[in-house]
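What follows is a group of structures, each given as structure tokens.
In the two complexes below, chain A is the common chain; its partner is chain B in one and chain C in the other.
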Partner chain A sequence: MYQIPRNALALMLVSIALVILSHVMRLPIWVTLMCIGCCAWRVMVFHGRWSFPGRWVKAFFVFGSFLGVGFGYGTLLGLEPWVGMLVIALVLKLLEMHRKQDAYTVVVLAYFVALTEFLFEQSIPYTIYMYVTITVITSALIGLNQAEVSPKAAFIKASVMLAQAIPMMILLFVLFPRIGPLWTVPVQSNVAKTGVTDSMSPGNIAELVQSDALAFRATFEGEVPAYSQLYWRGLVLSYFNKGHQSWTQERPGLYGRTLQGKNDVAAWKDNMEYLGDPVKYSVIMEPTNQNWVFSLTLPEMTEQERLGLVRDFRFYSFQEIRARFQYELTSYLDYRTDVELTDFWRHRYTLLPEDDNPRTRALGETLRADSISDDDYLSQVLRHFMAEGFAYTLKPPMLEGNTIDQFLFETKRGFCEHFAGSFVYLMRAGGVPARVVVGYQGGEFNRRGNYVAVRQFDAHAWAEVWMEGQGWIRVDPTAVVAPQRIQEGLEFAVEGEEFLADVGLSPMKFRSTLWITELRLQFSALNHYWDAWVVGYSPTMQMELLNRYLGKIDRKTMGMYLLGGFFTIFALVALFLLMKRSSRKLAPVEKEYLRYCQYLAGQGLARAVGEGPIDYGRRVASARPDLAPGINAVTNAYVRLNFAEDRPGEPELLRKAYRNLRIRSFA
Partner chain B sequence: MSSAATDSDASPESVIAQKAFGDSGRSERFNRWLNRRMPPANSITLNQRKIFILPTRQGLIFALLVCAMVMAGINYQNSLVFALAFLLASLFMVAMLHTYRNLSGLSLVAGSTRPAFAGEEAEFTIVLKRLGDRTYESLQLGWNPNLMANANLVKEEEARVRLFVKAKRRGRYNPGRFLLQTLYPLGLFRAWSWIDLDMHTLVYPSPIAGGEIPSTTATSQEEGELILRDGAEDFYGLREYQPGDAIRHIAWRAYARSETLMTKQFAAYADRRVWLEWDHFPGMDRESRLSRLCYWVLQLNSRNDEYGLRLPGLEIQPGRGEAHRDGVLKALALFEID
Partner chain C sequence: MRQIIQRTVDQVGSVVLGKETQIKLAIACLLSEGHLLIEDMPGMGKTTLAHALAKVFNLSYNRIQFTSDILPADIIGAPIFDKDQGTFVFHEGPIFNQLILADEINRTTPKSQSALLQAMEERQVTVEGEARTLPEPFFVIATQNPSNQAGTFPLPESQLDRFLMRIELGYPDPIAERILLQDQDRRVLIGTLETAINLLELKELQQACKGVKVSEALLDYIQRIIAYTRETAEFTHGLSPRGAMALLASAKSWAFMHDREFVVPEDVQAVLPSVVEHRLREASDFWDHVGTALAQRLLNNVDVIG
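Then we have the complex of A and B:
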């Protein structure tokens, strides 16, 4: 039976620990315990205290964990159950290492489990961690083939080999043809939906803004629009649900066709009029597991496959966004939409439930009666918000029953969703078409990366009202109550309240401390480049990049470049590895003497070619009598060490003599 | 001739007595090709002409793993999965270079050999040398793929590896090419070479007890064997007195000189010279006779007797000692072998 060398087993156990550690938060606790148990068992087997499990015990383990995973996850067909089973297979194989081949199988499984980590996490720190893990797994592989296993030597060898592999890897990464998925694969399931949702009731955005997590980053081509212009439209909510007192999306099916691609046609396409200059930007979204996509109003249609432009002028992703998602858009901040509104839509956008929030309704009717036009009514409503003592707060009081009445007439303290929701309600009560828009507002401009980072605390709700002859116009009641929120950001609007109270130590809390901000912006820019260029390196990006640097090329030429480049780099690595290196390492004595010669050469007394040390010493000593004793000491020491006899440990003598010479010359 | 000396003076047409284990897997044609490509020599430095390299089974599995990873990268459209797959693919290529490097530039020199009796294991010493700062790790070498010796050249400049190979038939034995291979560092590739350092050793007949040897015969001072014996007449020499020596043998004159008691020794000549003859074993075939003769050579040598050998067409005068024994054994080993 194959007995794995002690140190090779140690390396193997460390690599297994590292790969499992990266998954541990996702694994059920019993799997982790089982991993620890199996590793301990293997160690006991190594020490000869326990024996390998028998066939029935193994069968029980395999079958039991199979069932355990199935019941634990509720399915065997997701990504997480697969990873769970892979991890179990890895540790069980550890208990079945009868031949050297089995040890190789363990290593191969370890590599594969390491790979699955990237299906969940792709950040820079994780990537560094995984690189270290891969190095340790590789050293375990070396350990299996070393006659005398030394973990340190194996690790160094593995590091060197991986470093030598990196140039070839980069070339493959850039040039290897990226193609679309060949078949569907299980993806992460049971993940929480993050970001704004398609239902807005008082309090849920205030909850969202307690997080400093990144929502998306947008890189602008050219000037970044003013902060107050950055309204990231995500969803349009135009139906008031009486039971939940919440704003939700329009009933599906009413909107008609969703536009896909630049040349798609729909009846409502002409309702969009683009004015002014285009703003081009590219967005990298963090996974939300929802379908909402964020754009500046009014966006042009795009060729992006996954995206469709919906009747209410925002994009929708046909698949849930489960991984980081990148898209490019062009928007016109000056626009006109729906200049004509049909009666049907006028009805839908002024629709309110019967008999709820009576006081709001009454207020709307009164104000409308007092105003001469829709425009005037709008001003009156906004003036109401300004004058009646409304306050913008992160901790709005809980509302019950007719929440809009309660907010408008009793608590008067609210967050953006309170203002937007009640504003739209009021407008509709006055017969003016209005709707709620949910998304993000603002974002932090990162000069280093020339992008705007939008975080969850930038989540926002505002309103759109329809005006005769103008179409939909954006009205943000929050801007009336707390103008700083729109111009500078949330933490300036809620001064006096604790910003991000529920988040522990977050660098975002220190936006006023300059160097922390600077550091954070740098790291954030690095992350952005990582996400944009490495994680987000997609087939389209590959073609763009290659076209830019290699000219218009087809797949065949690309293949030629790939093969040619690959073998060129391979040849260079081979040359580097197999070249005969003639530079012998100098003995310490020689090194010390050479330093002495260099020092004197610096003094204008270079040693002539072929000049012996004694002659040289004599010549220098007569030229520089001040240094003569030191020079004689060095020469004597060198000659004695080199020519007289073998005296190990004496290079110190020469070093001392040389040091004395330098000290003297300095004095 | 000392037993450990190399038969470097062996004629080039010396007989290859037996094919070694490692040879069995190679065809005659391949052997001819190998001989042209790297002719036998006492000293060989490995270069690209002499090193073969192929992925191992584990290497192929590793390549499959990389393919599976690329598949995962495609299906998940995950750049970092791609990156890992490509890193391992490149590691595979780098491993090939490192495995090749673990043989390239290595020098092998024929060391000493030790003859064996047929059916036993002959010993060959191979000296591995490295030059410069190139190191070699986990080298395996031997004639029997299941029984390879390990060698490392990391700190040491040279390593001596003793290899044993079973010698089946008597004669001059050239074990043929041995296998030098390495899997280091990752075990994904195997680099190897079939090396013939042109080493030979003698294989003596396997000793088989049997037969009778006519005992001591003639007595004469010229040919006889000296036997120390009390009661003989011829003075032989002095030795230190031991209790029990006869008083009349004490050398009193020497005692007066040196104040040490010495005893005079006397000796007689007995002829203990034995002729080992082909004809002592009638009715046997050649190999059986040689085996019996070999047995008696060892017997007589251990008794420190004087013996000579007479074979058809060959006669070795009686003598004793290691060198004589080796000479006789060599004659037995090479008898009627061209």
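Then we have the complex of A and C:
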């Protein structure tokens, strides 16, 4: 009966705990309890108090947990249930560790489960955590093979081994050809992600801004535009749903073709006029499980995969963004769009439901009658927002029924969606084409990384109004009520109210404390580089990078470089070992003798490491009878000089014998 | 001197056929004043070798057959009441001889084993508070069956360390075996052996062996071997200083037997397996004391030249 070494078992249990800890938030609670139970059981088995489970008990555990996972997750397909199964398999194998091979299986499984963590998380802290975990698993493996090594010594040994593997790891990471996945596993999407949604009713965004989660980071080439220019367009909402009192997207069928690639053609492509200087930027977006992406107006068409340009001049991803997604765009902050608007679109953009929000409609009609033009009407409406005592607040009162009427005439306290929604409604009531735009506004500029980090609390809604001869222009009613929101950011606009009230301890709350901000910005910049260069190291990026530094490169040369790198590392290790070896001080006699050995090695008669001089001399002499006398002379001289006296003698005799040998071999 | 040694080797070799290396090692052991452990199956000629050595070296000889019920008093002797004198008189046990063959030492209990082993180390026994010196020279040849055979009490490492060398005889080669089958009984042949050496000469030889020269370079080599056993993970423990001294003493005798006034690495290598195998154990091996592979590793991996 195999008894696993005590230290190995302890290390194994620690590594299993570490592996499972990283998954614990995704596992049903009963799986975690089962893990603890199995580990405890194994400890009791080790102490000889309990016995291993019987066959039927094991069968019950296996099928029971199989069903449990199926019911717990509602499905057996998908990454989370599979990882759950794997975790269960790992801990059950603990209870089946009868032989040494089983212990190895547990260790290999632990490595594998540790690996699966990267399917969910790739951030720096997790990577460091995983590195530690892998070290502990490796020390368990060492403990398994060397029973008498203490856990601490095993851990140190494992750390050294892993540290030695780092150059190889970097080499493989950079140079090993990256291939797209052969198959993909659906990551369960019922985990809610925060972000803007495709319908806006009062209260939506105010809820969203309670989160400090990162939405995306944008790195600019050159100067970053002014804060008030950073309107990240995500969605255009142009249909008012009477039942829900919410703004939603236009029916996609009406828009016609979505442009894909620079050479794609559509009738509306000419409706975009780019003016002024281009702004180039690259965005790394956090996963949203949605299709929309964010861009500054007016974006230029791009060759980026997955992205298409929609009729309302924003980009759309053909696949839902389930993993961090990077894209590059060029935008022109000065532009003209849709200078001509067809009657159909004029109708759609002024459409309002019948018998709805009568007071707002009446107000619109009155103001329209008082104004001389669309332009004038716009200013009158904005003046109305300014003059009638509207307030910008994070905690707007609940609205019911005709929400727009209620907001405009009763509560008058609202967040950006209240202002944008009611403003567009009012413009349409006056017959002016208008629509709501949802996205983010602003973002925190990080000087170290030259990027702007946009968080959920930067979520914003504003309006676009169509003017004769000017096309669509951006109007932000929030800017009229709370100008700080647009120029400096949310927390300056809501002074007096608690910013991020529902979030626990967040470094974002301490934006006014200098050193915390400094630290946060540093870490954030580090994260940015990590995401951009390590997590985002894609096949295309690999090719670009290698092309830049190694010249034109294909798969074959890549393989050559890889092999070259391997051999360089091996050569360095070998050199190090050699240096270590020859660091011993040799007596002149020994040096001379080694020279002779080297000479004979050149003749194909190398001395084995453990071969004594007499044995060697005998072997060589029988292999080369022609040199036998010379070899015997050298051997005798060496043995006499090196071993006959306490201290090695002068090498003259040996030198002479060696010289004679050389001369003879020439003859 | 060399002729004397050659004569002893030849004499013993005429009885124990085809085992010249083992005979030489046994003699080297005797010259180094160490004890010898022979491990092999029954019937391989262990007793014959011991008996022949005693005869050739002209030593008083006795054999102790170890069984599971033998007691220390059976080995050392015991005071017995003498009716005529009215006192206890000490009756010397079989251990009071110059050459002892301790047969199947691992069949007896640790208690009796340690009685013998203590005598081997101290070269005296203490009975009733009185120390009694053992004869000079005192040479023990112990035999043991392979330790995995039934009914054995394996010797612990601490006691194995007391033996200078451990050798195996092994099967004879076919020619030797043919002669063995054709020839007379070995016991008869031992009776015909001539004494090749007297006590005085043996003493001189032992002194001469101690005087063999050892150079710095050779000591370096021995220390490299010792260090290798201590630093490499495949050994459970390294060689003890006693092991190192045993290696040097055996190598000196070996060099002397081969007519050299100084030790060369080949001498160390010749005695190395016999000297270290029973002192080493592989790290992954909990049961067997066989370090054959380990000794081979020492020979192959430790460089002879600095």
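Note that the second predicted complex is superposed on the first by the 569 of 667 C-alpha atoms of A that agree within 3 Å, B and C clash if a C-alpha of one lies under 4 Å from a C-alpha of the other, contacts with A are read in each partner's own complex, and residues count from 1 in each chain.
The rule is simple: a contact is a pair of C-beta atoms (placed from the backbone, for glycine too) under 8 Å apart; a residue touches a chain by one contact, two chains touch by 3 or more.
Everything quoted here is computed from the prediction, not taken from an experiment.
Touch criterion not met for A:244: it reaches neither chain B nor chain C.
Partner contacting the larger number of chain A residues, of chain B and chain C: B. Looking at the shared chain after the overlay, A:534 reaches chain B, while chain C stays out of its contact range. Shared-chain residue A:613: touches chain C; no touch with chain B.
Legend: residue contacts after superposition of the two complexes on their common chain; A:148 is shown touching both chain B and chain C.
With both structures placed on the common chain, the touch criterion links A:639 to chain C but leaves chain B unconnected.
In the overlay built on the shared chain, the residue A:594 is in contact with chain C alone; chain B does not reach it. In the superposition on chain A, contact of A:134 is made with chain B only, not with chain C. In the superposition on chain A, chain A positions 145-146, 148, 584-585 are in contact with chain B in one complex as well as with chain C in the other. Within the complex formed with chain B, the chain A residues making contact are 101, 104, 108, 111-112, 114-115, 118-119, 122, 127, 130, 134, 138, 141-142, 144-148, 157, 161-162, 164-169, 172-173, 176, 178-185, 187, 323, 534-538, 570, 573-574, 577-578, 580-582, 584-585. Partner chain A is touched in their complex by these residues of chain C: 213-218, 233, 236, 261-266, 269, 283-284, 298-306. Note for the complex: chain A touches chain C at residues 145-146, 148, 584-587, 590, 593-594, 597, 608-615, 639, 642-648. By the touch criterion stated above, chain B contacts chain A in their complex at residues 57-58, 61-62, 65, 68-69, 71-72, 74-91, 93-95, 97-98, 100-101, 104-105, 132-133, 137-138, 150, 152, 183-187.
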